[in-house]
Amino acid sequence: MIETIPITTSFHSEMVDITSQVTDCIDKRQLKEGIVIVQSMHTTAGITVNENADPDVKTDMLRRFSEVYPWEHRKDLHAEGNTASHMKTSTVGHSQTLIVEDGRLVLGTWQGVYFCEFDGPRTRKVVVKIIEG
Amino acid sequence: MIETIPITTSFHSEMVDITSQVTDCIDKRQLKEGIVIVQSMHTTAGITVNENADPDVKTDMLRRFSEVYPWEHRKDLHAEGNTASHMKTSTVGHSQTLIVEDGRLVLGTWQGVYFCEFDGPRTRKVVVKIIEG
Amino acid sequence: MIETIPITTSFHSEMVDITSQVTDCIDKRQLKEGIVIVQSMHTTAGITVNENADPDVKTDMLRRFSEVYPWEHRKDLHAEGNTASHMKTSTVGHSQTLIVEDGRLVLGTWQGVYFCEFDGPRTRKVVVKIIEG
(Lines give C-alpha, C1' and ligand atoms only; values in the text may rest on other atoms or scores of the structure.)
Protein backbone atom coordinates (compact mmCIF):
# COMPACT_ATOMS: atom_id res chain seq x y z
CA MET A 1 0.00 0.00 0.00
CA ILE A 2 1.64 3.20 -1.17
CA GLU A 3 0.22 6.69 -1.00
CA THR A 4 1.66 9.76 -2.63
CA ILE A 5 1.85 13.23 -1.11
CA PRO A 6 2.50 15.98 -3.67
CA ILE A 7 4.36 18.99 -2.28
CA THR A 8 5.01 22.39 -3.79
CA THR A 9 7.65 24.33 -1.95
CA SER A 10 7.90 28.12 -1.91
CA PHE A 11 11.48 28.81 -0.89
CA HIS A 12 14.99 27.61 -1.57
CA SER A 13 15.17 26.01 1.88
CA GLU A 14 12.05 25.12 3.78
CA MET A 15 10.76 22.67 6.36
CA VAL A 16 7.17 21.75 5.47
CA ASP A 17 5.10 20.08 8.18
CA ILE A 18 3.49 17.04 6.53
CA THR A 19 2.25 15.36 9.71
CA SER A 20 -1.41 15.85 8.78
CA GLN A 21 -0.89 14.45 5.27
CA VAL A 22 0.76 11.36 6.75
CA THR A 23 -2.13 11.05 9.20
CA ASP A 24 -4.56 11.26 6.28
CA CYS A 25 -2.83 8.28 4.64
CA ILE A 26 -3.22 6.27 7.83
CA ASP A 27 -6.88 7.22 8.14
CA LYS A 28 -7.59 6.45 4.49
CA ARG A 29 -6.09 2.99 4.81
CA GLN A 30 -7.66 2.50 8.24
CA LEU A 31 -4.34 1.34 9.62
CA LYS A 32 -4.63 0.43 13.28
CA GLU A 33 -1.21 -1.02 14.11
CA GLY A 34 1.95 -0.88 12.09
CA ILE A 35 4.57 1.39 10.66
CA VAL A 36 4.73 3.90 7.85
CA ILE A 37 7.80 4.77 5.83
CA VAL A 38 7.76 8.38 4.61
CA GLN A 39 10.21 8.85 1.75
CA SER A 40 11.32 11.84 -0.27
CA MET A 41 11.74 10.83 -3.92
CA HIS A 42 14.53 13.37 -4.35
CA THR A 43 18.25 13.72 -3.64
CA THR A 44 18.10 17.39 -2.64
CA ALA A 45 15.20 17.12 -0.18
CA GLY A 46 14.81 14.88 2.85
CA ILE A 47 12.51 13.93 5.71
CA THR A 48 13.04 14.60 9.41
CA VAL A 49 11.10 14.54 12.67
CA ASN A 50 11.57 17.62 14.79
CA GLU A 51 9.95 20.46 16.75
CA ASN A 52 6.39 21.39 15.75
CA ALA A 53 5.84 24.26 18.19
CA ASP A 54 8.13 27.26 17.85
CA PRO A 55 8.64 28.07 14.12
CA ASP A 56 11.95 29.71 15.03
CA VAL A 57 13.42 26.22 15.36
CA LYS A 58 12.90 25.64 11.64
CA THR A 59 14.48 28.99 10.79
CA ASP A 60 17.45 28.25 13.02
CA MET A 61 17.87 24.73 11.68
CA LEU A 62 17.85 25.73 8.03
CA ARG A 63 20.33 28.52 8.68
CA ARG A 64 22.63 26.30 10.72
CA PHE A 65 22.59 23.55 8.09
CA SER A 66 23.62 26.19 5.54
CA GLU A 67 26.48 27.27 7.77
CA VAL A 68 27.79 23.71 8.07
CA TYR A 69 27.17 23.00 4.37
CA PRO A 70 27.55 26.38 2.61
CA TRP A 71 26.01 26.77 -0.83
CA GLU A 72 29.14 28.23 -2.38
CA HIS A 73 32.25 26.12 -2.12
CA ARG A 74 35.27 26.69 -4.34
CA LYS A 75 36.21 23.01 -4.32
CA ASP A 76 32.83 21.63 -5.39
CA LEU A 77 32.97 19.83 -8.74
CA HIS A 78 29.25 19.14 -9.26
CA ALA A 79 28.19 21.37 -12.18
CA GLU A 80 24.66 21.92 -10.87
CA GLY A 81 26.17 23.75 -7.90
CA ASN A 82 23.83 22.17 -5.36
CA THR A 83 26.22 19.87 -3.54
CA ALA A 84 25.13 21.49 -0.27
CA SER A 85 21.58 20.23 -0.86
CA HIS A 86 22.85 16.69 -1.31
CA MET A 87 24.83 16.95 1.93
CA LYS A 88 21.81 18.14 3.89
CA THR A 89 19.63 15.38 2.42
CA SER A 90 22.02 12.62 3.49
CA THR A 91 22.38 14.28 6.89
CA VAL A 92 18.67 14.35 7.76
CA GLY A 93 17.90 11.27 5.67
CA HIS A 94 15.81 10.64 2.56
CA SER A 95 13.14 8.90 4.65
CA GLN A 96 11.89 8.28 8.16
CA THR A 97 9.99 5.38 9.68
CA LEU A 98 7.04 6.19 11.94
CA ILE A 99 5.02 4.02 14.30
CA VAL A 100 1.22 3.67 14.31
CA GLU A 101 -0.70 2.47 17.38
CA ASP A 102 -4.48 2.49 17.86
CA GLY A 103 -4.82 4.19 14.49
CA ARG A 104 -2.60 7.11 15.44
CA LEU A 105 0.96 8.19 14.75
CA VAL A 106 3.14 7.63 17.79
CA LEU A 107 4.84 11.00 18.20
CA GLY A 108 6.04 12.91 21.22
CA THR A 109 4.32 16.11 22.23
CA TRP A 110 6.68 18.28 20.23
CA GLN A 111 7.39 15.95 17.32
CA GLY A 112 6.18 16.72 13.81
CA VAL A 113 7.10 15.15 10.46
CA TYR A 114 8.86 17.50 8.06
CA PHE A 115 9.61 17.51 4.37
CA CYS A 116 12.94 19.33 4.13
CA GLU A 117 13.34 21.26 0.90
CA PHE A 118 17.01 22.06 0.34
CA ASP A 119 16.97 23.20 -3.30
CA GLY A 120 13.60 24.78 -4.04
CA PRO A 121 11.24 26.09 -4.81
CA ARG A 122 10.12 22.99 -6.68
CA THR A 123 7.30 20.54 -7.19
CA ARG A 124 8.16 17.50 -5.09
CA LYS A 125 6.82 14.04 -4.30
CA VAL A 126 6.72 12.09 -1.04
CA VAL A 127 5.62 8.45 -0.90
CA VAL A 128 4.14 6.79 2.16
CA LYS A 129 4.39 3.02 2.52
CA ILE A 130 2.18 1.30 5.09
CA ILE A 131 3.13 -1.95 6.80
CA GLU A 132 0.52 -3.51 9.07
CA GLY A 133 1.67 -5.46 12.08
CA MET B 1 3.22 -4.30 19.89
CA ILE B 2 4.89 -1.35 21.54
CA GLU B 3 7.22 -1.38 24.50
CA THR B 4 8.44 1.64 26.41
CA ILE B 5 11.95 2.19 27.74
CA PRO B 6 12.19 4.94 30.36
CA ILE B 7 15.52 6.71 30.49
CA THR B 8 16.94 9.14 33.01
CA THR B 9 20.00 10.95 31.76
CA SER B 10 22.69 12.41 33.99
CA PHE B 11 24.47 14.94 31.80
CA HIS B 12 23.71 17.65 29.30
CA SER B 13 25.03 15.49 26.48
CA GLU B 14 25.25 11.75 26.81
CA MET B 15 25.16 8.57 24.74
CA VAL B 16 23.34 5.89 26.73
CA ASP B 17 23.76 2.28 25.55
CA ILE B 18 20.22 0.84 25.39
CA THR B 19 21.09 -2.34 23.49
CA SER B 20 20.20 -4.59 26.43
CA GLN B 21 16.85 -2.85 26.98
CA VAL B 22 16.00 -3.34 23.30
CA THR B 23 17.04 -6.98 23.61
CA ASP B 24 14.76 -7.33 26.63
CA CYS B 25 11.81 -6.13 24.53
CA ILE B 26 12.59 -8.76 21.89
CA ASP B 27 12.87 -11.49 24.52
CA LYS B 28 9.68 -10.43 26.27
CA ARG B 29 7.73 -10.57 23.03
CA GLN B 30 9.54 -13.73 21.94
CA LEU B 31 10.23 -12.20 18.55
CA LYS B 32 12.12 -14.62 16.33
CA GLU B 33 12.22 -12.85 12.97
CA GLY B 34 11.40 -9.27 12.18
CA ILE B 35 12.40 -5.70 12.78
CA VAL B 36 12.20 -3.28 15.67
CA ILE B 37 11.88 0.47 15.40
CA VAL B 38 13.52 2.28 18.31
CA GLN B 39 12.23 5.83 18.59
CA SER B 40 13.07 8.76 20.83
CA MET B 41 9.87 10.62 21.73
CA HIS B 42 11.78 13.91 21.91
CA THR B 43 13.11 16.59 19.59
CA THR B 44 16.34 17.19 21.51
CA ALA B 45 17.41 13.56 21.84
CA GLY B 46 17.90 10.94 19.15
CA ILE B 47 18.91 7.34 18.48
CA THR B 48 22.03 6.08 16.77
CA VAL B 49 23.97 2.87 16.25
CA ASN B 50 27.70 3.19 16.87
CA GLU B 51 30.78 1.86 18.69
CA ASN B 52 30.16 -0.12 21.86
CA ALA B 53 33.77 -0.84 22.82
CA ASP B 54 35.99 2.17 23.54
CA PRO B 55 34.01 4.74 25.58
CA ASP B 56 36.32 7.45 24.21
CA VAL B 57 34.34 7.26 20.96
CA LYS B 58 31.25 8.57 22.75
CA THR B 59 33.24 11.38 24.36
CA ASP B 60 34.75 12.32 21.02
CA MET B 61 31.44 12.15 19.19
CA LEU B 62 29.57 14.34 21.66
CA ARG B 63 32.37 16.91 21.63
CA ARG B 64 32.60 16.94 17.85
CA PHE B 65 28.85 17.32 17.43
CA SER B 66 29.06 20.33 19.75
CA GLU B 67 31.83 21.81 17.64
CA VAL B 68 29.76 21.49 14.46
CA TYR B 69 26.59 22.66 16.20
CA PRO B 70 27.75 25.00 18.99
CA TRP B 71 25.36 25.69 21.85
CA GLU B 72 25.81 29.44 21.71
CA HIS B 73 25.01 31.05 18.38
CA ARG B 74 24.33 34.75 18.07
CA LYS B 75 21.92 34.25 15.15
CA ASP B 76 19.66 31.66 16.82
CA LEU B 77 16.10 32.88 17.27
CA HIS B 78 14.66 29.99 19.29
CA ALA B 79 14.01 31.39 22.76
CA GLU B 80 14.75 28.12 24.57
CA GLY B 81 18.33 28.41 23.37
CA ASN B 82 18.65 24.73 22.50
CA THR B 83 18.70 24.89 18.70
CA ALA B 84 21.96 22.91 18.76
CA SER B 85 20.09 20.00 20.36
CA HIS B 86 17.51 20.03 17.58
CA MET B 87 20.29 20.02 14.96
CA LYS B 88 22.01 17.04 16.53
CA THR B 89 18.74 15.13 16.81
CA SER B 90 17.93 15.54 13.11
CA THR B 91 21.52 14.64 12.26
CA VAL B 92 21.59 11.29 14.07
CA GLY B 93 17.87 10.70 13.60
CA HIS B 94 14.92 10.45 16.01
CA SER B 95 14.76 6.68 15.44
CA GLN B 96 16.60 3.68 14.04
CA THR B 97 15.35 0.43 12.58
CA LEU B 98 17.03 -2.79 13.73
CA ILE B 99 16.85 -6.33 12.38
CA VAL B 100 16.02 -9.44 14.41
CA GLU B 101 17.03 -12.94 13.25
CA ASP B 102 16.76 -16.17 15.27
CA GLY B 103 15.55 -14.13 18.22
CA ARG B 104 18.59 -11.87 18.31
CA LEU B 105 19.42 -8.34 17.22
CA VAL B 106 21.50 -8.37 14.05
CA LEU B 107 24.41 -6.12 14.98
CA GLY B 108 28.03 -6.04 13.97
CA THR B 109 30.71 -6.86 16.54
CA TRP B 110 31.19 -3.23 17.50
CA GLN B 111 27.63 -1.97 17.04
CA GLY B 112 25.52 -0.86 19.99
CA VAL B 113 22.21 1.04 20.11
CA TYR B 114 22.45 4.44 21.75
CA PHE B 115 19.99 6.95 23.13
CA CYS B 116 21.61 10.31 22.43
CA GLU B 117 20.77 12.94 25.03
CA PHE B 118 21.50 16.38 23.64
CA ASP B 119 19.73 18.60 26.19
CA GLY B 120 19.78 16.88 29.55
CA PRO B 121 19.78 15.84 32.20
CA ARG B 122 16.14 14.85 31.79
CA THR B 123 13.63 12.06 32.15
CA ARG B 124 13.12 10.64 28.68
CA LYS B 125 11.06 8.03 26.88
CA VAL B 126 11.97 5.60 24.10
CA VAL B 127 9.38 3.44 22.37
CA VAL B 128 10.12 0.14 20.67
CA LYS B 129 7.81 -1.12 17.95
CA ILE B 130 8.06 -4.76 16.91
CA ILE B 131 7.14 -5.98 13.44
CA GLU B 132 7.25 -9.73 12.85
CA GLY B 133 8.16 -11.03 9.47
CA MET C 1 14.71 -13.41 5.40
CA ILE C 2 18.17 -11.94 5.47
CA GLU C 3 20.60 -11.63 2.61
CA THR C 4 24.23 -10.62 2.86
CA ILE C 5 26.10 -8.37 0.45
CA PRO C 6 29.89 -8.60 0.76
CA ILE C 7 31.73 -5.42 -0.16
CA THR C 8 35.41 -4.78 -0.70
CA THR C 9 36.27 -1.12 -0.76
CA SER C 10 39.29 0.36 -2.54
CA PHE C 11 39.79 3.74 -0.89
CA HIS C 12 39.80 5.34 2.52
CA SER C 13 36.53 7.10 1.76
CA GLU C 14 34.20 5.85 -0.92
CA MET C 15 30.51 5.76 -1.83
CA VAL C 16 29.76 2.39 -3.45
CA ASP C 17 26.51 2.10 -5.40
CA ILE C 18 24.83 -1.10 -4.14
CA THR C 19 21.43 -0.51 -5.73
CA SER C 20 21.79 -3.47 -8.08
CA GLN C 21 22.85 -5.81 -5.28
CA VAL C 22 19.79 -4.77 -3.25
CA THR C 23 17.64 -5.33 -6.34
CA ASP C 24 19.16 -8.79 -6.70
CA CYS C 25 18.04 -9.64 -3.14
CA ILE C 26 14.50 -8.57 -3.96
CA ASP C 27 14.48 -10.61 -7.17
CA LYS C 28 15.95 -13.67 -5.47
CA ARG C 29 13.25 -13.59 -2.79
CA GLN C 30 10.59 -12.67 -5.33
CA LEU C 31 9.38 -9.87 -3.11
CA LYS C 32 6.45 -8.05 -4.66
CA GLU C 33 5.33 -5.66 -1.92
CA GLY C 34 7.15 -4.70 1.22
CA ILE C 35 10.20 -3.01 2.59
CA VAL C 36 13.88 -3.83 2.81
CA ILE C 37 16.24 -2.67 5.52
CA VAL C 38 19.80 -2.26 4.25
CA GLN C 39 22.26 -2.22 7.14
CA SER C 40 26.00 -1.73 7.39
CA MET C 41 27.42 -4.08 10.00
CA HIS C 42 30.14 -1.56 10.88
CA THR C 43 30.58 1.59 12.94
CA THR C 44 32.86 3.36 10.47
CA ALA C 45 30.72 2.81 7.36
CA GLY C 46 27.09 3.71 6.73
CA ILE C 47 24.28 3.62 4.18
CA THR C 48 22.71 6.55 2.38
CA VAL C 49 20.41 7.24 -0.56
CA ASN C 50 21.67 9.97 -2.86
CA GLU C 51 22.51 11.04 -6.42
CA ASN C 52 23.26 8.25 -8.90
CA ALA C 53 24.00 10.37 -11.97
CA ASP C 54 26.93 12.77 -11.73
CA PRO C 55 29.85 11.02 -9.94
CA ASP C 56 31.14 14.45 -8.91
CA VAL C 57 28.41 14.51 -6.26
CA LYS C 58 30.08 11.59 -4.47
CA THR C 59 33.48 13.28 -4.66
CA ASP C 60 32.03 16.51 -3.30
CA MET C 61 30.11 14.77 -0.55
CA LEU C 62 33.08 12.76 0.73
CA ARG C 63 35.28 15.86 0.72
CA ARG C 64 32.69 18.00 2.46
CA PHE C 65 32.07 15.37 5.13
CA SER C 66 35.82 15.36 5.77
CA GLU C 67 35.81 19.13 6.12
CA VAL C 68 33.02 19.02 8.72
CA TYR C 69 34.55 16.02 10.47
CA PRO C 70 38.32 16.29 9.89
CA TRP C 71 40.43 13.19 10.32
CA GLU C 72 43.00 14.88 12.52
CA HIS C 73 41.66 16.48 15.67
CA ARG C 74 43.91 17.35 18.56
CA LYS C 75 41.14 16.79 21.11
CA ASP C 76 40.15 13.29 19.99
CA LEU C 77 40.74 10.64 22.66
CA HIS C 78 39.92 7.49 20.67
CA ALA C 79 43.23 5.68 20.22
CA GLU C 80 42.34 4.23 16.83
CA GLY C 81 42.27 7.78 15.49
CA ASN C 82 39.16 7.25 13.38
CA THR C 83 36.63 9.27 15.34
CA ALA C 84 35.80 11.14 12.12
CA SER C 85 34.60 7.87 10.57
CA HIS C 86 32.27 7.27 13.50
CA MET C 87 30.86 10.80 13.15
CA LYS C 88 30.14 10.35 9.46
CA THR C 89 28.51 6.97 10.05
CA SER C 90 26.08 8.36 12.62
CA THR C 91 25.42 11.33 10.34
CA VAL C 92 24.36 9.34 7.28
CA GLY C 93 23.04 6.43 9.33
CA HIS C 94 24.07 2.80 9.75
CA SER C 95 21.04 1.68 7.73
CA GLN C 96 18.27 2.82 5.43
CA THR C 97 14.78 1.49 4.83
CA LEU C 98 13.63 1.14 1.24
CA ILE C 99 10.19 0.50 -0.24
CA VAL C 100 9.31 -2.25 -2.74
CA GLU C 101 6.24 -2.03 -4.97
CA ASP C 102 5.37 -4.37 -7.87
CA GLY C 103 8.66 -6.16 -7.31
CA ARG C 104 10.76 -3.03 -7.73
CA LEU C 105 12.58 -0.62 -5.44
CA VAL C 106 10.67 2.63 -5.13
CA LEU C 107 13.35 5.22 -5.88
CA GLY C 108 13.26 8.62 -7.48
CA THR C 109 14.92 9.14 -10.87
CA TRP C 110 18.19 10.24 -9.32
CA GLN C 111 18.19 8.10 -6.19
CA GLY C 112 20.69 5.29 -5.69
CA VAL C 113 21.58 3.26 -2.58
CA TYR C 114 25.14 3.75 -1.38
CA PHE C 115 27.44 1.96 0.98
CA CYS C 116 29.55 4.73 2.51
CA GLU C 117 33.07 3.61 3.39
CA PHE C 118 34.60 6.07 5.84
CA ASP C 119 37.66 4.11 7.02
CA GLY C 120 38.81 1.85 4.22
CA PRO C 121 39.95 0.14 2.28
CA ARG C 122 38.42 -2.86 4.01
CA THR C 123 36.32 -5.97 3.54
CA ARG C 124 32.82 -5.08 4.66
CA LYS C 125 29.41 -6.66 5.09
CA VAL C 126 25.92 -5.32 4.42
CA VAL C 127 22.80 -7.23 5.43
CA VAL C 128 19.43 -6.88 3.74
CA LYS C 129 16.28 -7.75 5.67
CA ILE C 130 13.05 -8.23 3.72
CA ILE C 131 9.63 -7.59 5.21
CA GLU C 132 6.63 -8.48 3.07
CA GLY C 133 3.50 -6.41 3.38
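The letters A, B and C name the chains in turn, as written, and every chain counts its residues from 1.
Everything below uses one rule, namely that a contact is a pair of C-beta atoms (placed from the backbone, for glycine too) under 8 Å apart; a residue touches a chain by one contact, two chains touch by 3 or more.
Owing to the predicted nature of the structure, the values given are computational and were not obtained by experimental measurement.
The minimum number of touch steps linking chain B to chain C comes to 1.
Rotation angle relating chain A to chain B: 120°, from a CA superposition, given to the nearest 5. At the interface between chain A and chain C, under half of the residue numbers involved are used by both copies, so each side presents largely different positions. Our note on geometry: chain A versus chain C, Cα centroid distance of 20 Å, whole angstroms.
In chain B, the positions touching at least two other chains are 68, 91, 93, 97, 131, 133. Taken together, the chain C residues at the contact with chain A in this complex read 33-35, 48-51, 54, 56-57, 59-61, 63-65, 68, 91-93, 96-97, 99, 101, 106-108, 110-111, 131, 133. Across the complex, chain A meets chain C through its residues 1-2, 37, 39-43, 68-69, 73, 75-80, 83, 86-87, 89-91, 93-95, 97, 125, 127, 129, 131-133.
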